[in-house]
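Here come two complexes built around chain A, the first alongside chain B, the second alongside chain C.
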Partner chain A sequence: MKQRRKLTPYLYSTPAFILIALVIVFPILYTAYISLTNMNLFHWADYEIIGLENYVRALTKVDSGFLSALLVTLLWTVLNMVIQVVAAYFIALGLNREGLKGRRIYKTLLMFPWAMPAYVSILLWRVGIYNTEFGLLNKILVEIGLSKVNFLSTNVPAFLSCMVLNLWMALPFMIMMIDGALQSIDRSYYESAELDGAGFWVKNIHITIPALKGIIAPSVIMTTFTTFKQFDIVYLLTMQKGAYSGATLQTVITYAHQNAFVSNNYGLSSAVSIIIFFLIMVFSVFTNRGVKEESNE
Partner chain B sequence: MSKRKVKNRLQLGALHIFYILLCFLSLVPILYALQLSFSGSGGALSSGLSILPQDFTLDNYRRIITEKPFLRWFSNSAVLAALTMVIAIGFAVVAAYAFSRYRFRGRTGILKVLLLLNAFPQILSMFALFRLLKEMHMLDTKLGLVIIYAGSMCIFSIWNMKGYFDTIPTEIEEASKIDGASDFQLLWKIVMPLALPAIIVTAVMVLIFVWNEYLFSTTFLLNENSYTLAGGLYQLQSNDYSRSWSMFAAAAILVSLPVLVIFFCIQKYMVSGLTAGGVKG
Partner chain C sequence: MTMKRKMSLLLCGVMALGCLCGCGGDTQTGNDAQTNADAGTEAAAGNDAAGDAGASGEVTEVKIWHDGDESIMQTIADCANEQLAAESVHVTFEKKTGLTDQLQLYGTDEANGPDMYLYAHDSLGTFAEMGILAPITDVIGDEVLGEMLPMTVEAGNYKDTQYLMPVYYETLLFMYNKELWEGEVPETTEDLYEYMVAHTDADAGTYAVVNQHSTAYNVAPFINGFGGYIIDKDANPGLNTPETIEAITYNQKFAALQADGDYNTVTALFNEGKAAAIIGGPWLVSGIREAGIDLGIKSLSDFTLPNGNALAPYSGVQSIGVLKYAAENKKDAVAKVLTAIASPEVGIALANQSNCAPANDKAYADENVAANEMIMAMKVTAETAQPMPNIPQMSVMWGPAESLLAAVNKSGANVEESAEQYQNEALTAIADMQ
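Let's turn to the complex of A and B:
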């Protein structure tokens, strides 16, 4: 009887574990195994183990394209996160200004981009906003007498277009999180600061930002991960099956996906996948520790 | 009116203008799609900029439902979402209960490992999953996709529900245990009803995840009869959208509508659920 009670929790978790083993663990192990082989279009069945060659190729050969993709991804993550947090901070701050009526309506309307299915939004933006013939941006350009621009055909405009879309999709979440955190700050701090004659910036730097830091850290970290792993926007805007827009923008994730499903370079793609997983793990262990230390203080 | 009051009024007015503009900007893509979906066939190509649809018509909605297998896509998506929800939540509830109520060897370790595993980007396992399904002869079947979806949402569901189970006091369970209730009765009759809000929110989030997923469903379901909404919409916009662009807009509105309604119903709970488990990717 005692023995049975000891086994109960394992028994309860077994169905979930089988599912996770099949869908999450197996692919990781399989990917790790393939990363050590030369499997590609020509060696589909008769591949052999070649050791760490794929890793060496990804990390040291510039022409493999992985390092530049990594650089683009880091730039993408940093730019997006900085703009997102700063913009969301000021938007949320304004929403919490005393005496502002109708903030609930504003908040609800601002949530819409977050609620839309991501792929629907991206496809709508691709045709409805950026397209040369039907896109709103080009219609506006023509209306004010300028010539049409193909936003997705070269790398820099494509990068910026992806970024605008990402901000559009991700800002609502950040605004909500910061708005929630702002409401948890004790009003009396501001009152005593005002008595001391503190202005807008002083109150922000000395009261609001320090109080917010700990509360919004988890959501900022979470969003950093999603931004780093962002695939849908770049893929659907610039490189759908058979509909390349001309830009050769690659993030690490699209790079791994392209190598597996377009150039059928499975070995290299798997090695890149494992490197990405490793980077994410290191980063998450690092940030987990940071958050814990901050909340212990 | 004092000078201070005037200044306050002006600031508030400026803020209102700012937020009205911001709301308008963030709604433009959606409003544009809405306008096009109600416009006649010439609407998409006309160069004019207007907010109201030119020659208002429901024709696009009629055409997407009658001329395209939209209802089939819709039911495919609904079946996938429902099956995934049942499997993922069914498996995760018992596991979450075990992790919340029992202290067993490896408990905290497993919980941490689950979080790390969750950090592996799903897209990168697509190739391995493709081979796995092929070996199991489940490519192009709903069941194969349901297993993948359920597996990918399992860790999130366990963490989310375990967090809520932890907040339910154990006294009631202990009292019932003394009265001779079995483990299963405890879970079914006491914990589940108490945790119903958390279970519903988690279930709805699984539903939305499947509804919004496009990459796996377009890669693994190759047969046109088994297309989901994502597959159908994808095809609509890639095949000569000059003709079907206003139809695509109508379809996009129809696909988004259920998600929008559900989203605004559970929005309050979503924020706390999302951040409760710490780092999730």
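Let's turn to the complex of A and C:
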């Protein structure tokens, strides 16, 4: 009877397990298998297992740009996350200010960039904002008597341009999360603090931020992952096939795409994928540990 | 309570079975495959698929996958089916986005894959190396290919085997707005450059000539004209050869007067009347006509470089390849379809209805085709145009070649140093394919 009780939850979960096995586990295992073979264009049907050779090749590529791509990715992630959380925090505070009129309209408008398909947003920015002939920024520069600037042709301006676009696209989500969290804080804390003479900064540092930390942690983690593995913005703005902008900006994912996925070498591409998979796993272990420690406090 | 639990377990079981039933889809496909295979076998047994079908009144379907303009395919299908009406063979075109990937998946799958495909010739090497194609000469005779322009036939040849039958082709052209262009269009690239210097005001946003100056396909007329190459037949990249460097350096001064060089930018500049001329392909024509521009066209072969050579653009030849299983099981039906599509009638229909330059040389004898300025300009260009390389390694060359062009034209990088850097990247990319 006890044994049956132990088994019942597993029986209930069987459909979900099967689905997870088919949709998530099988592709990972199959990719791992392919990464051990020499499957490529020249060995399409007659591929064979070659051991860890593809991993050795993938890792020895480290000297040809992987490290700089990793550094760019880390810088990209840190800068984006810091600016995003800080900016979203203050915008959300503004939206929650007592007596603010048209709050719903502002919130709806702020959601717009997030609701738009990423591909459309990125191409709109490429043509509508950064383009040398039709872009808003260059129109303004020419109007005030300055020369046109190609914002995407060299690395630093291209990095900043990508970052501005990423913030435009990602801020609404963070604002929404912080806005929701702010509304869950009991107003009585603020009333007591005000009675004790607390000002804006004291209330924020000692009440709002500690109360928010636990609630917004999952969204910060999720956004950190999304930012770390960002591909669309950098690729579509600077290195879209047939429309290279001149910048040589690489993140880990664009680097992997350029070095492995255009070659039709499925063995090597799979090895690179598995390495990235493990990198993200390690990254997630650290972030999860951080969250656990925080919630234990 | 027990009833509820039993019901829950039953539902879980049904859901679990439902998940696994997804894997059962193949059964039906398998049956279909069996049916098709049986049909194929029957046809093969009779050694005359179309003949048998004709005798029994059944129509043999020949399926062609493509990734192009559906109206063009419809023109080919209508014209070919008219010719095939008496043969009990019917051809259908099916659009597949990302055709290369689709053929990699279905190229050996007789049940779900096509009998033939129609696509640009440059992916030939990839399919040939995968071993999914039958030589076209196994299906049709040399007399069919003999009617085609030599450049278009050459495009479908890989490692001395003819795999493709050309249908129509595209090359870059010099297109100008007759209302904006002042005087005659120059005969030499140096005169063209002088015209550009005199008629370009980048700050005002007006240009004499625009071009996708950092796209390898659009710079190829210069590279080929200077005797350089992006990759040769033996898969050696040539980004750092003196001839290629000379061509890229020469193109650099034109690029400085051609705006950003992005496809959307240059097309919009020309269509909005801010650029007097554009170097582009026939795919731009419909947009240009919609913009109400009085279009003039000149072949790029009519421009002479300082070394005395004509500009030599790449050509992309839309060709048909036959999948191995179709060549084995539907040989006669496939041959009849290919012969019909190769006919001058299809070529004339393509030129008159879809503005395509036919591969069949005889089609140009038609009065209307001969009067079509754009098609005749492409025919002139076909004499100096070089088919895009069709070796598989070309697929990894676009990246390094275009990165080199963008570095030089957009970021102001040194040509020689960049050429070395991207030559090395190209070598790595080619090595990574193995």
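A few comments on the model shown:
Keep in mind that, in the parts below, the second predicted complex is superposed on the first by the 216 of 297 C-alpha atoms of A that agree within 3 Å, B and C clash if a C-alpha of one lies under 4 Å from a C-alpha of the other, contacts with A are read in each partner's own complex, and residues count from 1 in each chain.
The rule is short, and it goes like this: a residue touches a chain if its C-beta (ideal position, glycine included) is under 8 Å from a C-beta of that chain, and two chains touch if they have at least 3 such contacts.
Every value quoted in this text rests on a predicted model; they were computed, and no experiment measured them.
After overlaying the two complexes on the shared chain, residue contacts for A:Ile280 are found with chain B alone; chain C is out of touch. Of the two partner chains placed by the overlay, chain B and chain C both lie in contact with A:Val127. When the shared chain is aligned, chain C comes close enough to touch A:Thr154, but chain B does not.
Touch criterion met: A:Leu22 reaches chain B and chain C at once. Of the two partner chains placed around the shared chain by superposition, chain B is the only one that A:Asp232 touches, whereas chain C remains out of contact.
In the superposition on chain A, contact of A:Gly246 is made with chain C only, not with chain B.
Within the superposed three-chain model, A:Ser263 lies in touch with chain C and out of touch with chain B [touch as defined at top]. Looking at the superposition, the partner that touches the larger set of chain A residues, chain B or chain C, turns out to be B. Shared-chain residue A:Met116: touches chain B; no touch with chain C.
In the superposition on chain A, A:Ala193 makes contact with neither chain B nor chain C.
Touching of chain A by both chain B and chain C, each in its own complex, is seen for residues 8, 12, 15, 19, 22, 127, 133-134, 142, 241-243, 260.
Taken together, the chain A residues at the contact with chain B in this complex read 6, 8-10, 12-13, 15-17, 19-20, 22-28, 30-31, 34, 91, 94-95, 97, 99-100, 102, 106, 108-121, 123-129, 133-134, 136, 139-140, 142-143, 168, 171-172, 176-177, 180, 218-219, 221-222, 225-226, 229, 231-232, 235, 240-243, 253, 256-257, 260-261, 266, 269-270, 273, 276-277, 280-281, 284, 287-288, 291.
Partner chain C is touched in their complex by these residues of chain A: 8, 11-12, 14-15, 18-19, 22, 40-42, 44-45, 57, 64, 127, 131-134, 142, 147-148, 150, 153-154, 241-248, 258-260, 262-265, 268. Residues 8, 11-12, 15-16, 18-19, 22-23, 26-30, 32-33, 36, 44-45, 47, 49, 87, 90-92, 94-95, 97-99, 102, 104, 107, 110, 114-121, 123-129, 131-132, 147-148, 150-152, 154-155, 158, 183, 211-212, 214-215, 219, 230, 233-234, 237-238, 241-242, 245, 248-249, 252, 255-256, 259-260, 263-264, 267, 271, 274-275, 278-281 of chain B touch chain A in their complex. Residue ranges of chain C in contact with chain A, taken from their complex: 5, 8-9, 12-13, 15-16, 18-20, 22, 108, 126, 129-131, 202-203, 205, 212, 214-215, 217, 259-260, 262-265, 268-269, 274, 392, 395-396, 398-399, 402-403, 405-407, 409-411, 428-429, 432-434.
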